[in-house]
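Order of writing sets the labels: A, B, C and D. Residues in every chain begin at 1.
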Amino acid sequence: VWFDELKRGRRRLEQARATIAVGKVSGAVGTFAHLPPAVEEHAMKLLGLAPAPASTQVVQRDRHAEVFQAIALVGTSIEKFATEIRHLQRTEVREVEEPFTSGQKGSSAMPHKRNPILSENLTGLARLLRGYAVAALEDVPLWHERDISHSSVERVIGPDATVVFDFMLHRFAGLMESLRVYPENMAKNLALLGGVVNSQRLLLELAKRGLDRQAAYVIVQRNAMKFYEENTDFKTALLGDAELLKVMTPKDIEACFTPDYHLRHIDAIFERVFGRS
Amino acid sequence: VWFDELKRGRRRLEQARATIAVGKVSGAVGTFAHLPPAVEEHAMKLLGLAPAPASTQVVQRDRHAEVFQAIALVGTSIEKFATEIRHLQRTEVREVEEPFTSGQKGSSAMPHKRNPILSENLTGLARLLRGYAVAALEDVPLWHERDISHSSVERVIGPDATVVFDFMLHRFAGLMESLRVYPENMAKNLALLGGVVNSQRLLLELAKRGLDRQAAYVIVQRNAMKFYEENTDFKTALLGDAELLKVMTPKDIEACFTPDYHLRHIDAIFERVFGRS
Amino acid sequence: VWFDELKRGRRRLEQARATIAVGKVSGAVGTFAHLPPAVEEHAMKLLGLAPAPASTQVVQRDRHAEVFQAIALVGTSIEKFATEIRHLQRTEVREVEEPFTSGQKGSSAMPHKRNPILSENLTGLARLLRGYAVAALEDVPLWHERDISHSSVERVIGPDATVVFDFMLHRFAGLMESLRVYPENMAKNLALLGGVVNSQRLLLELAKRGLDRQAAYVIVQRNAMKFYEENTDFKTALLGDAELLKVMTPKDIEACFTPDYHLRHIDAIFERVFGRS
Amino acid sequence: VWFDELKRGRRRLEQARATIAVGKVSGAVGTFAHLPPAVEEHAMKLLGLAPAPASTQVVQRDRHAEVFQAIALVGTSIEKFATEIRHLQRTEVREVEEPFTSGQKGSSAMPHKRNPILSENLTGLARLLRGYAVAALEDVPLWHERDISHSSVERVIGPDATVVFDFMLHRFAGLMESLRVYPENMAKNLALLGGVVNSQRLLLELAKRGLDRQAAYVIVQRNAMKFYEENTDFKTALLGDAELLKVMTPKDIEACFTPDYHLRHIDAIFERVFGRS
């Protein structure tokens, strides 16, 4: 999911780069009054830019806004990834963990705390990028398509947005390279509450055996809810449900709790995202 | 209008300052576990702050958001003023002009141009402030009311928003002090198109004389429109309108073109805004 | 913390209401050309409004922006509360739960799921309010302080922002009234990982006994980390730390794990927020 | 310039459409647990959509954000065009005019007023779109890449943003089709102030004749400024400047005031934007 989203992000950035990589030497009102288009074309070639097909005193600012929008959106995707890491690193979940060197101090007040500080930082930085994109959009409707009001904005958000974004990309890449992953905690979490994550599978199994969906739902839900009401775990509850046992054997029930069921199509998904190897 | 708006702005800033001028020494979860409230109260007194009545690990960020909102709104009022100056300085209007020293160069390409560069600059800077306020609002819903994601945001927008705003206030104050005002151009503009700005007064005058409003409207509009269609100015057109002359003498018509009519209540307005002297 | 924040929210809304509760009958350019100020004053009194001290063709839009900013900020505080509820309702945490009637169906696919759907909804709605505030701010710099461009904006965000906000307030109030709270889960969570939340208290206890802070930190951290590295809980680890036992008896150590330590100043905090009873 | 900008707008919208035209039938966590990918592919084909290569419970919201960003940016370009029309329709400029039927009433108070009401309306509507894009970006970082908080947002901004945008496109297209253009006013405005818009041409002419740029600038500027200081128009001032007359004959000076100079490269610009006919 992340790789696929970042492919879209890369496409957005490449498109934005193509949009912004233009220049103009067409004079103060864009008429080439004092220099012919050929000069502009020559100058742009030297700079590795394309000539803006039509310009006023300035290159039109929808081009710049597209860049800041792309930066804000890719930065927001990074926030999504960072949000996921923050959730997965919660003390109670702990399926992943940001790198933490053994000499590193934790919180000054609480030595045991291992906060996902890189991800929290990335979350905040994305807010800056969204704010810059708001300012960039307002730069588009210049008076007479060329007042100079965008200048003060771009002098600030030009360096700030690109520097923050560059920092985020590097921080995120570094974080991914050194992220600790704990598969055993993943397994433990999947088994929480007696494997209640498998409830849908049970539901479908009952439907296959001819129960109507509503009846199946009632059976599954009442056993799932026992955890909340009596602290009885899901599988235990199911194995003691007389009505259910009329339709499924204990062995049938056990068979609904295997994780490989969810992994059968993983190769197809990988092929879609990464292509055929 | 501006003074009245800036009074509201000052009130917003003062309120925001009171909201943010709090601190806390209540420990890592706000329970005063290791130091009693009295220490916090003493420390805050030394700092000229009030203790936050209830806190978590941090002072809650709605306080900070209020500050950035107030800055954004007052900065946007300055943009409104700057927008008005830009309009009034247009070559065709030129009722006011930003200071321009005789030695000062204008545009490098166009020596005659006198752009309202200060006001254009203020217009742009207000966009930055609005962007910062967007980021500040997103800082409020911290996880468990105290994740550290706001930190990276505040390190940037704290100095940036206050520095930009301070600069805007000084630039705007300086601009107002040295703004050139051209009353003769104001008079000229009011007389444009044969004083068509007085059309409403004529409309009411006709109504007073017993014409129904729709009939009065038709008379006034057809004479106002003559400027657009035949380049005949408004007053000239009126003085040649036979139907109108049945109701008003030329002298009555002339009497509708005096500017003092609009100034009769100026003292009442000033008293409302500035108080009784 | 929430009550205190909502007191600030109420103050913001009351202030915004006072700011917006003005009107004008001062004519097309605000000069009272055709009706004296007394008429305006009379009309406003009938409407329960104050006259805008100075106006143009319109009441200035910084007043409206203040309203939308206040709505966005209070709505964002509600998002903060909703975020907290969402965290506390996580399956692994479950200290609170949104109301869930026994007949109510959960997720259609997953009968066991009890999602904090009201809080998720409130989180989303706050985003709308922030977007409306962005549009409202842009309405302030009208051309000549009175173009009509704000009209199309206000016709949409006027009803939309107030309706969404009203809905949020009611939904949040209803949610609070029927929120299920599970103190036993709170106690369980505090005891997680061997009560590692008490690490700071231990740190200070060691400091009181003359250890320098760095040495104390090392002792506490190494025992806190044992959970992560060896799955040994914090208290057990401490009770087996020879170096620590030179300074504190097992009984001293046990004494650092009592929750009442954090509740000593609760009355003082309540008094600050709610006043003396 | 507008056509070229709208080509970029169309490209943005087409790209956004391709990004959003995906769907998923991959189950509650995106693993195809209960239905194989082939079912998804079949269903998407029927719907004219592509399968999202990898999904969670939902299609990832960066796709939606791209759509709202594209809408906001193209809407903002329309605001730029509308801003230009508003400027060009000013009473003092009047190079274009929105359609105004002879029966149509103007302002109720001021029968002569011909406000660019369509363009003012478009200006306001663009603000709405920018606000919606802010909300859409915040929808991206869902918890566990699939909380339901985006739902309340999308139910509002989905219809609102697309309806507003559709309305804007139609209103703008209709406006362009019936816009009145006044070339004679354009000519009049170019001649304003004695044709001071030709100052740069004069500057270059002097440079060609060997004057250093600074000396040329002083000559041109002092004559341009005479309008502001003595109300003498530019050409008249130049023709009376003894120092200038040493370098250029009156005929040479006159030759600098022809508009065709600015039109020499118009075919090249058209070819760039519209292609070879």
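Note that in this section a residue touches a chain if its C-beta (ideal position, glycine included) is under 8 Å from a C-beta of that chain, and two chains touch if they have at least 3 such contacts.
Given the structure is predicted, the values throughout are model-derived calculations rather than measurements.
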More C-beta contacts across A-B or across B-C? B-C
Among all chains, whose Cα centre is located farthest from the one for subunit A? B
Measuring from the mean C-alpha position of subunit B to the mean C-alpha position of subunit D, what distance in angstrom results? 25
Separation of the C-alpha centres, subunit A versus subunit B, in whole Å, is 40
Cα centroid separation between subunit B and subunit C, in whole Å? 32
Give me the residues of subunit C that touch two or more other chains. 28, 109-110, 123, 130, 133-134, 138, 143, 200
Give every residue of subunit B touching subunit C within the complex, in rising order. 1, 3-5, 8-9, 12, 15, 19, 28-34, 36-37, 51-56, 60, 62-63, 65-66, 69, 72-73, 76-77, 79-80, 82-84, 87, 123, 126, 130, 133-134, 137-138, 140-145, 200-201, 204, 261-266, 268-269, 272-273
What part of subunit C is in contact with subunit A in the complex they form? 90-93, 105-106, 109-112, 114, 134, 138, 189, 192-193, 196-197, 199-200, 203, 217, 220-221, 224-225, 227-228, 234
Residues of subunit A touching subunit B in their complex? 27-28, 86, 107, 109-110, 115, 117, 120-121, 123-125, 127-128, 130-135, 138-139, 143, 147-153, 156-157, 160, 164
